[in-house]
Amino acid sequence: MDKLKGANKLGLYVVSGFILFLLGNRVDELRVYQGASIAVFVVAISSIILLTGYSGQVSLGHGALMAIGAYSAVISRNSFHTPVILTFVIAVLIAAIGGALLGAAAARLSGPYLAGTTLALAIGLPSLANQFSILGGEQGIFFDVGFPPPSLGEGFTQYKWFFWIAALAALISMWLVANILRSRFGRNWRAGRSNETAAALSGINVSRSKILAFTISAGVAGLAGALLSMTIGIVSPSAFPLTLSFSLLTGAVLSGVSTLSGVMIGAVTLVAIPEIADAVATRIGVSERLTTNLPGLMVSTLLILTVLFVPNGPVEQHRTRQARKAAREKH
Amino acid sequence: MFQLLNTILIGITAGAIYSLMATAIVLVWRSTRVINFAQAGMALLSTYFGYEAMVHFNSFWIALPVAMVGGAAVAALIELVFMRLLVKRSSTGPIAAVAPIIATLGLLGLIKGLISTFWGGADVRLVGPVTNIGYSIGDKTLAFSPLKLLTLCTVVVLMLLLTVLFQKSNIGLSLRASAYSPEIARLSGVKVDFVRTLGWSLAGASGAVAGMFQTVNGNGAFSPESIEFSLLLISGFIAAIIGGLESLIGAVIGGLVLGLVVSFVLMYISSSLFFIAPFLILLIILFIRPQGIIGVKAARRG
Amino acid sequence: MTLTVNELTIHHGAICAISDVSFTVPKGQLTAVIGANGAGKTTLLRTLSGLNKSTHGTATWNEHNLLHSKPETIVRHGVSHVSEGKAVIPELSVVENLELGAIWRKNKKEAAESKAAVTDIFPRLGERLNQRADTLSGGERQMLAIGRALMSKPELLLLDEPSLGLAPLVVEQIFQTIRDLTTTMGLTVVLVEQNAMGALKIADQGIVLNLGKVAVTGTAQSLIADPQVRAAYLGY
Amino acid sequence: MKAMNRRKLFTVCATIAVASLAVTAIPAQAAEVGVSSSEIKLGMTLPMTGTASPGYNKIPGAVKAYFDYVNANGGINGRKLTLVVKDDQYVPTLAVAKTNELILKDKVMALLAPLGTANNKAVASVVNPGARGIPTLFVNTGFSGFADKKKYPTTFSLLPSYIMEAKIMAEYIKDNFAGKKLGLLYQDDDFGDDALAGFKQAGLNFDVKVAYASGSQGDKVSPAQWVTKLQAGGAEVVILFGVSSATAAALGTASVMKFAPQWILGSVGGDATTIKASGVPAGVLYNAVGASFAPATTDTADEYVKLFQEIYLKANPTETFDNNVMVGMNTAFLTAQALKAAGTNPTRKSLIAAIEKSGKNFASAALVPLNYSTTSHVGYNGYWFGKYSPTGDLKPAGGVYTVYTTDSGNGAVVKSTYKRPAMPAKGLPN
């Protein structure tokens, strides 16, 4: 049972893909749009989990890496009319290069300095777009992945097309990330995370391993950025505010930073909270002020409660409890 | 010449306020090894306390101490009920590296949300104690007024008081000892938990002063979404990092460097570089000195 | 006025570091605690000064319960702990390190007297009062650490490996000072040492810890004479 | 064991996803989206919070006040008018998301007066109401491009374009401030670019130009630098082509730096309420030149001002009646007429057709004519100039409205002879 191998797992992803496909046909357009947003967050949050949970590095600047991916995608698409798939690959590659540079800097910096640098990146980088006309300034550039192929039928909407692309990309990237984490690299990261000196003694090049983690994480974030700009149709600095980087961290914490398999929880929560808040506000009929602030309050409260009471995430919590139960039964 | 002088004056005034904010961040960092992203939110809340006092007493000189005491109390409360629990519950595992960051970010959101719920999103006003009409030289009027002068003086006085407190008093010795080695401090009879709370309170009060002066030096109006407070968050943090996080003098230098360089960039290069300039300054400085201008080489733990 | 430890048991997570340890240290005596690495010596001291938590047992000094108290309370009961590894704060000056030791004392005049007494005992510290502690040599730092502890006007002094990493000549000097503290000032001292021979030579009584348990106790002379102890800990 | 758990969790996660996606059922299709037998639903996006919100956030209240007035008088062919408002914080990506919500979730019939050039461009391109046949009525921006019927087939502009405004302003400057040194402070985006194009066309050159970054925060960050630059450049007349919060920052800072040129404020940036709300006393506006197409809000002799003020203050007794409210209510008034003209069972198509056919003849509070036709979606095309009173009210010079009109192309600026028709009975669509 422990040796459930890559191939079987692949089957699991294919099955989930099929379920998503069926779902996409059954729900209304708003849900499809939200589904696409969830898929985008799944990709983005998994990049944080990889970096923070597995390699132990902090980034407040993943919004900026997403922006790199998004701008790379849109420029290649608009200037060179690259096919959609290639567009996303380019986004991944260029964001990964950015991540490698950032990772090289990160390897020199300790905790708070790294947080500071990445925070500054999250604020500074997107506004670079205002400096170069090719980046479209504050208003941004429109990103068009084209209409769905006519063979999919009349009723096949644009959003369903986005959903398909985003969900497929999410499944593929999750599968890849899960496999990377199980590989030698993943083990090295975890070794370096828990004890750098010990890892170095056992022959792991810790700083190279950290840079690699940053690079891969950035590539995944770049994909998320390209997907995000596809669903909103526009690439602009305002699509990548500081709050985006913060939300990703929030999502990662809600998912449990050290467990990739919880990633859905964070993504769904981030997308669902505004709606839940809206429903709660209408149901109990609170003041208008509270209504506007409710989503923010809910996210913050949830975040604080999670850090305090389920610090390693619901999945890890569940696992520990199971392990404890098993141990008790053994005795 | 007029332009150059104005650039310097604008930079120094802004930098002085950033210094105060950076000081608050340094104080918290030294006492609990936490980067407090909620500091600007706490400063905002303190400024609202100041605003309430202003409404009742119509005097800035009552509002300022009210804001400081309020800020100190809020900070102490947060340290007592929140940070202690956090340290206890999330100091191990992969979360340990991010838990304080996440938690204070969550706190920032919570504070801002509560403020917006309580006071609403509309602008409210503070009035400075002296005029903001600039001094004139010849036929030109500078971007430097009695209010700005007062701001600088307040910052200088406050920094001097803090320095004296830290260097010359037993409380200061306890604060420093607890920051550098909580265990030795404890064995020497310092009530480290209390000292940590005290460190947070001092930070809360400094942040309150920064918030009050940041507001009156703008046009006096502020709201939970004010750019003034986003600036405090970002610039205070960057100034603290530039300064090396460990010393008050570092915070002051960090703030002034940031204020001046940003002012020059905006004046002589482009106003739209507003958000990139601090980032570039930070990158350049950290590239040369990864531990900040006045930082300790290896980051201490514990 | 004795230190009485009874059935003390301490856990580090699942590992039992100290198990059912009992002993007494009479007033004005120097007791050496020796034993191999990992025997639990440091854990024992850290528990007595409130840094670690115990699982079971009692430890009292002067009718004060030392367990379940905070270090800052215990020091107020006259128990000073010099922890392992030249316990000074390098960022502070020598005089600040010393003043830190007396920081909780209300009577500032007495504190000033203590400072005079300490610089009397360690004249080299008196010469370097305004230097930062990280400019001191290893031996001077150890002196400063002990001096800091003395500033708390202790009756019971807990010393953890004062000889660690010091040159033999310096070690001898430090040990002599420790002996003098007991003889001339009437301090009660618990000295944890890896350097068993050196420690026993100046001690009144000795306790040998092995894997968290008391292996042998007795007067220092009897331990030095004990062939088993000699073979296992004194190396001849 | 571990893998087993993981798989279980995956299932759990999948279930959450399914549940979250599947909660809404598909509603039965009505005759037209957003139109039921008792209600017509319209949607609006604009900044309700954030730095750009003061002033503008009064518009929904104004529109709702007039809609309620119509509803209390029997509605439009028996249907009540409702308005769904979404806060976009003046951020294009948020405007896109919120507009999506209005269309997908709230299922509005049409978008009403969405605000901001950049936001409208983003929505038009991404949400593309044009291709989906969703009317976008009376966009609250003067960007000239929205009058392009081919590109935006369902969009109707209302405000005179910024090009028109700049051309008219240039004419006014040539008439009144010839030979003075000119300064320009403008927003660095399409809004400002439109104005630059207009000034260029009118052949107006500036001695010193300062651009400030647009976006939710750029308008407030460095006013001391703007003023220093304008002052160092020796500007005697400064045109401010930006949002009102930028006006507040610039005028507030200029007053403390004792920099007092003749200010000329664009129609967007001249709202006294916003300026006061930003903490700057209305007095800084005194003697500045401003432009408007609606009658002065202090002109209570005007029948529209009188009626609108009465309706608004009844619904919002604690608020003040200002130009944003005036324009908002006028927009609501036009909307009611358009829906009435769209027939007893209005559809999106019939609504657009109705404005194209009879929009030109809709009654309106403005002192400037409407220009809708089957070939043009241009609304108003002119402005009158006035000066601000010490209390921040814009009043026509000498008490007489002198209206200039022009177009967004090469057309000349002319003094208008337009005479506003009388208000329909009770201010209701007839």
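Observations
The chains carry the letters A, B, C and D, assigned in the order they are written, with residues numbered from 1 in each.
Here is the rule we go by: contacts are C-beta pairs under 8 Å (C-beta built on N, C-alpha and C of every residue); 3 or more make two chains touch, one makes a residue touch a chain.
Chain labels with UniProt names: A, B, C, D = Unannotated protein.
These numbers were taken from a predicted model, which means no experiment stands behind them.
Considering the contact criterion stated above, no chain is in touch with chain B (Unannotated protein) and with chain C (Unannotated protein) alike. By the touching criterion, once chain A (Unannotated protein) is set aside and every other chain stays in place, the chains still form one piece. With centres defined by CA atoms alone, the chain at the far end from chain D (Unannotated protein) is C. Of all chains shown, the one whose average CA position lies nearest the global CA mean is B. The geometric centre of chain A (Unannotated protein) is 53 Å away from that of chain C (Unannotated protein), both derived from CA atoms. Each chain gets one centre point, the mean of its Cα atoms, and the points for chain C (Unannotated protein) and chain D (Unannotated protein) are 78 Å apart. Computed centre separation for the pair chain A (Unannotated protein)/chain B (Unannotated protein) is 32 angstrom, with centres defined by C-alpha atoms. Here the spacing of chain A (Unannotated protein) and chain D (Unannotated protein), counted between their Cα centres, is 37 Å. Touching two or more other chains at once are residues 49, 188, 213, 218 of chain D (Unannotated protein).
Each of residues 127, 130, 292 in chain A (Unannotated protein) touches at least two other chains. Looking at chain C (Unannotated protein), one finds that none of its residues touch two or more other chains. Interfaces, counted as pairs of touching chains, are A-B, A-D, B-C, B-D.
Residues 29, 35, 82, 85-86, 89-90, 93-95, 97-99, 101-103, 105-110, 112-114, 116-117, 120-121, 234, 237-238, 241, 245, 270, 272-276, 278-280, 282-283, 286-287, 290-292, 298-299 of chain B (Unannotated protein) are the ones touching chain A (Unannotated protein) in the complex. Residues 1-7, 9-10, 13-14, 16-18, 20-24, 26, 48-49, 87, 91-94, 96-97, 100-101, 104-105, 118, 121-122, 125-127, 188-190, 213-216, 218 of chain D (Unannotated protein) are the ones that touch chain A (Unannotated protein) when the two sit in their complex. Those residues of chain A (Unannotated protein) lying in contact with chain B (Unannotated protein) across their complex are 52-54, 56-58, 60, 105, 108-113, 115-117, 119-121, 123-125, 127-128, 130-131, 193, 246, 249-250, 253, 257-258, 289-290, 292-293, 296-297, 299-301, 303-304, 307-309, 311-312. By the touch rule above, chain B (Unannotated protein) contacts chain C (Unannotated protein) in their complex via residues 170, 173-174, 176-177, 180-181, 183-192. For chain C (Unannotated protein) in complex with chain B (Unannotated protein), the touching residues are 49-51, 70-72, 75-76, 80-81, 83, 87-92, 96, 99-101, 103-105, 148-149, 151-152.
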